[in-house]
Amino acid sequence: MIGFREDMMKSLFLTTVACAMLGTAAFADTIKVGVIGPFSGPFALQGKNFKAGIDAWLAVNGNKVGDDEIEIVYRDIPAADPAKSKALAQELVVREKVQYLAGFYFTPDAMAATPLLQQGNVPMVVMNAATSAIVTTSPYVVRTSFTTWQTTTPMATVARESGVSKVITLVSDYGPGIDAESAFKAAFEKDGGKVVEAIRMPLSTNDFSPLMQRVKDSGAEALFAFLPSGPPTLAFVKAYNDTGLKTAGIKFLATGDLTQESDLPALGEQATGLMTTFHYAVSHDSPENKAFVEAASKAIGNPAELSFPAVGAYDGMYVISKMIEATGGEQNADQAVEAVKGLTWTSPRGPVTIDPDSRHITQTIYLREVAKDGDHYINKEVKSFEKQGDPGLAHVKK
Amino acid sequence: MTPLLDIRSLRKTFGGLSVTNDVSLSLHPGDRVALIGPNGAGKTTFVNLVTGALKPDGGRVSLNGMDVTRSRPTERVKRGLVRSFQVTRLFKDMTPEEHIACAVLQRMGKAGRMLGRHGRMTDVMTEVGDILDFLQLSGIANVRVREIAYGQQRLLELAIALALRPRVLLLDEPAAGIPHAQTGLIEKALERLPADLAVLMIDHDMDLVFRFAKRVIVLAAGSVIFDGSPQAVAQDARVREAYLGSYAHAR
Amino acid sequence: MQTVLSVAIDALAYGMVLFVISIGLSITMGLMRVVNLAHGAFAMIGGYLASYAARDLGLGYAAALLIAVIGTIIIAIPLERFLYRRIYGAPELTQVLMTIGITFCIIGIANFVFGPTLKTIPLPETLRGATDVGFRTIATHRIFAIAIGAAIAVLLWCLVEKTSYGIRLRASVDNSAMAAALGVRTELVYAASFAIAVGLAALGGAVGAELLPVEPYYALRYMVTFLVVVSIGGSGSIGGALLASLLLGAIDTTGRYFAPEYGEFFFYLAVIVIVAVFPRGLAGRRA
Amino acid sequence: MTDVLGRDRPADFWSRLKESSLPGALAIFVVGIAGFFLLPDNLALLTRIIAIAFLVLSLDLVTGYCGVATLGHAALFGAGAYGAGIAAVHFGVTDPIAMTIVGGVSGAIAGLVCGSVILRAHGLPQLVLSIAVIHLFHEAANKASSWTGGSDGLSGIMPDPLLGLFEFDLWGKTAYLYGIGLLLVVFVFLRMIVHSPFGLMARGVREDHVRVAAMGVSVHSVLLRMYVLSGMVAGIGGALSAVATQVVGLDSLSFTLSAQALVMLVVGGTGSLYGALIGTVLFLFFEDVVSAANPFHWLAIVGALLIAVVLFAPRGLYGTAISIIRERRKKSAA
């Protein structure tokens, strides 16, 4: 019975596809890309960066791939809400007839949509969500951002090389924070260092002074921190300065989430000298990045708001354009994903490759230092770790 | 014969101020007692102590021979001690029929039923109808309370109390706030209360008290200062002192 | 010992910031009986105005605070006149709906006008950096916040208890019909109280910006915290709000120091216990 | 026609119909089927609306019918969602109906727990207790990440075909029709509850709990039982959400969802099942349309809508409509 139903669906579907093919032979198609992201609410800035990255790509490359025209359909999901994400993804696929799903700032939102991909014959390009496991949930997922494991692991090497052997970790108590803690600990202890204490703090923490006090009391030589980008980072960095940790010489190590460029004007002087590892700095020195920053700044309106989700979105659009090219505008998820496996290009962030096995992006991770450049602050790249894959995949629960 | 309600040496103080001071009284079946006293005599506190809304500092309350001093208010209601309210406390958006049905259902132990409708329970509705008829409320049985006259609301207050089939009924100013012309309705209802019911009425309205009560208790400054017949009360020196004295020193 | 002192001073600073922002809400909720969920939005407006004045106009810190307070009151006046006046005395749920609606609108407008990034209020040289208090260092600005909190507590107490405005306010609250009959213009009293509450919110938003940074979502992000403070304190009580702020600041801070993993549990369990023991708030009056 | 009391009672066909839950059930059925055919591409949204409708109905039971103020009701919904999800992922209970039952039971247990805490105070302190409870639930689910997936969400829920026949697929037809079916059953059940003697007591508690206590009714026990019932309803909604979306996220246990549910209820009108349903459907539809039209600034438009509702329909859309009709009737009768 079920078999019959499925068969019927499939044949129906194939007929539709065949008709569509016949259609495209003669006419140019509009190819819709559905983008789900936080365009309002507390994470609106990150959503705005998605849009800026996409707009920048369209501005630089035009909205045509071959004869086909790309149309972006945005859907808002203010905070992680998988049920809503699934409903939106379904609506995009079924009603808006999008051929590609993209965006996804939060992991659960991406996870909720992956079960649709196969049936919908739609590839998904994750432009931010950073939990390693996402790519394993469906063969139609490609990620152009980063994972927390990926950006964190090199920091352990940095710490060891600077002679630090005792570190206290301080992370927000949720998925990515725990990822960061595990990644740092795994790499650091492999290198012979010791994590003397691992503190997890609630996401809603506003006052970090008591925690800094604990850092001081722990006797660690350095502090490794992970906080999601946003308002608390400001109070966190202030607390680090005000409680005298900086003057006491305790090093501050973190992933780049903590010093995203849009927060730097607010962090200001306080943040100078902070060391972070990340996949992208707006100040990255390359012709590709100059072009990108120029276009993206124009798209976002206020250049000070530009930060890392934009580059994930920009490269995501590149991947999608390659998929469209490979399929000639036809809806064929298998072919599309196959075409970008092993795809290598020079992104604004540097040389990158889509790893053919994991479909996650292999890229350079940079060590950066917050520094003043003219009258504004930047993440100045001081060292690079090339061709980093995602070490987190080895830890994904099967 | 054991009294239905027996109160012994009931005491309550609020922050050093003694509001109920060694009060004792008992009610027997068929008693019609009025409790009066000047403002601030502690009548409301007394009612709250008897119904269990307040915990006494000392003394004992027995219902039909059973000590209920520490029982919850709801327990006392189940044992037959029911009160009415001085200020109407009715459900503004519900009908008289529903009010009485609540009380009847509760008494019959059917209040917790989640299936069926009270309107289709013949035994409940028969009794609700009887009570509505008894207090001449049938005509407005299905009108929301916020839309009925105040006098009728007072009757409904009484109807709810009766629906609980009390053995002891505490009436807190049953005619309060009703225009004089309409008190007749209440009085008529009071006259027809079941004969074996013990009633303690708290009121200011002396006309009503004299017509209704066979016995009057006067409370002043938390103590019982008089317990006797309505005829004797006006002549009692302490009562006159309590009333006139307190008015003389009124703030 | 040093740890205890150190935690205590953090608790005091955090508690005072909570107090400065929440006290205005305590006034609207306790004295005017309005569940004003838009309180955080007014604090946010204050923060934005102060930031604009200090950063973009280059004015001094004191001037920025003043502009924040006055500007926010000016913005709030039409809101009081056209929206809040409709919900005085309305059921709580109606007030919740209206004030959440107002909050959403203010968030949308702030996002549109100022953008989604964090805004800071540059501090004057004297408040910048850290001060050594013997056993540790503490941000100078926190000492300033503690002082502002203490000053507000004293001033408000004098205003409510010692002035004729206070008498009229308390009369209007106890029985507004009676107060009106006695010649108190309750509408004016309410409007004045609303202005004071909003002004305090704005001051709190600007002074507290070091700890609770200004961004569009501020209005909702900290709403729950303020509500908890006011309700634990017993709405309408200045002493209660102060006590609750310090107590909750202490609970939060010690929880974060000793068991950050369970900080959230610690805090909310404490809230449940306090409400269970003091159902009318720490300074609540008996019904 | 006269009743047992010999009094005239309007017991003709139409008023009997008005008393029964038939028109409501019929309306849900018709609107449900209409939705299926008119918006075949939007079934996921419609299913989500149904799941949230359970939450709002459940909130109406305690807030609308009993007068309990709560901003933590999503705890019951989330408990149902996680209950069903955990049963499917960790215990292999993948039959959708079994998952729904597990969800209902988990919700009821959560209702018992929440009720015992929240009913300890009244008014604002009660609101604060409910906020504390939802945060504790949220934090507990975040901590127990080996069971719940923490902030990444509980994924990998694969419900079996419904009754072994109908698969939960991309188009969401099965999920939607299952949701409509569940909603019908629960609606009829709730109509029975709110018109039962127990429902009558609950309304009494909302109007004046002192009065009810003076009748000998234990207010606390009425409220607690209602909370358990409410938990069951919300839990079923949570389970439906888990079955339909195959993921459960921490948002289902959040303060935000609780507050949203309250807003929807008040927009529709408290104290009536129809109000709860209308509020949910209208609010979520409005949100969907506005946020699709302007994903960047729609929040301000929703805010304006809420203000407009307070100004022009203070009893909620349904409540105000009903009272206008009542006024009209009274005038025409007079």
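For clarity, chains are labelled A, B, C and D in written order, and residue numbers in each chain start from 1.
Note that a residue touches a chain if its C-beta (ideal position, glycine included) is under 8 Å from a C-beta of that chain, and two chains touch if they have at least 3 such contacts.
Not measured: the values here are computed from a predicted model.
Enquirer: By C-alpha centroid distance to the whole-protein centroid, which chain wins?
Expert: Measuring from the global C-alpha mean, the nearest chain centre belongs to D.
Enquirer: When the C-alpha atoms of subunit B and subunit C are each averaged to a single point, how far apart are the two points in Å?
Expert: 47
Enquirer: Return the distance between the CA-based centres of subunit A and subunit C, expressed in whole Å.
Expert: Centres of subunit A and subunit C (C-alpha means) sit 37 Å apart.
Enquirer: So, what's the distance in Å between the C-alpha centres of subunit B and subunit A?
Expert: Distance between chain centres, rounded to whole Å: 72 Å.
Enquirer: Would you pick out the residues of subunit D that each touch at least 2 other chains?
Expert: Where subunit D meets two or more other chains at a single residue, that happens at 139, 296-297, 299.
Enquirer: Give the residues of subunit A touching no fewer than two other chains, as numbers and ranges.
Expert: 40-41, 44, 48, 173, 202, in rising order.
Enquirer: Give the residues of subunit B that touch two or more other chains, as numbers and ranges in rising order.
Expert: none
Enquirer: Taking touching chains as linked, do they make an open path (line), a single closed cycle (ring), a hub with spokes (star), an all-linked set (complete), or other?
Expert: Looks like something else, not a line, ring, star or complete graph.
Enquirer: Pairwise, which chains touch?
Expert: A-C, A-D, B-D, C-D
Enquirer: Quick check: in the complex, which residue numbers of subunit C touch subunit D?
Expert: It comes out as residues 29, 35, 83, 86-87, 90, 92-94, 96-98, 100-109, 111-112, 224, 227-228, 230-232, 235, 264-265, 268-269, 271-272, 275-276, 279-281.
Enquirer: Can you list the subunit C residues touching subunit A in their complex?
Expert: Residue positions touching the partner: 3, 6-7, 10, 13-14, 111, 115-120, 130, 136-139, 142, 210-213, 215-218, 220-222, 225, 252-254, 256-257, 260-261, 263-264.
Enquirer: Report the residues of subunit D in contact with subunit B in the complex, numbered from low to high.
Expert: Those in contact with subunit B are residues 3-7, 19, 192-193, 195-201, 203-204, 207-208, 210-218, 225, 229.
Enquirer: Which bits of subunit A are touching subunit C when the two form their complex?
Expert: 40-42, 44-45, 48, 173, 199-202, 204-207, 209-211, 213-214, 217, 230-231, 234-235, 238, 241-244, 262-263, 265-266, 268, 301-302, 304-305
Enquirer: Could you pull out which subunit A residues touch subunit D in their complex?
Expert: 1-2, 5, 39-41, 44, 47-48, 74-76, 78-84, 86-91, 93-95, 107-109, 111-112, 114-116, 119-120, 131, 133, 137, 173-176, 178, 202
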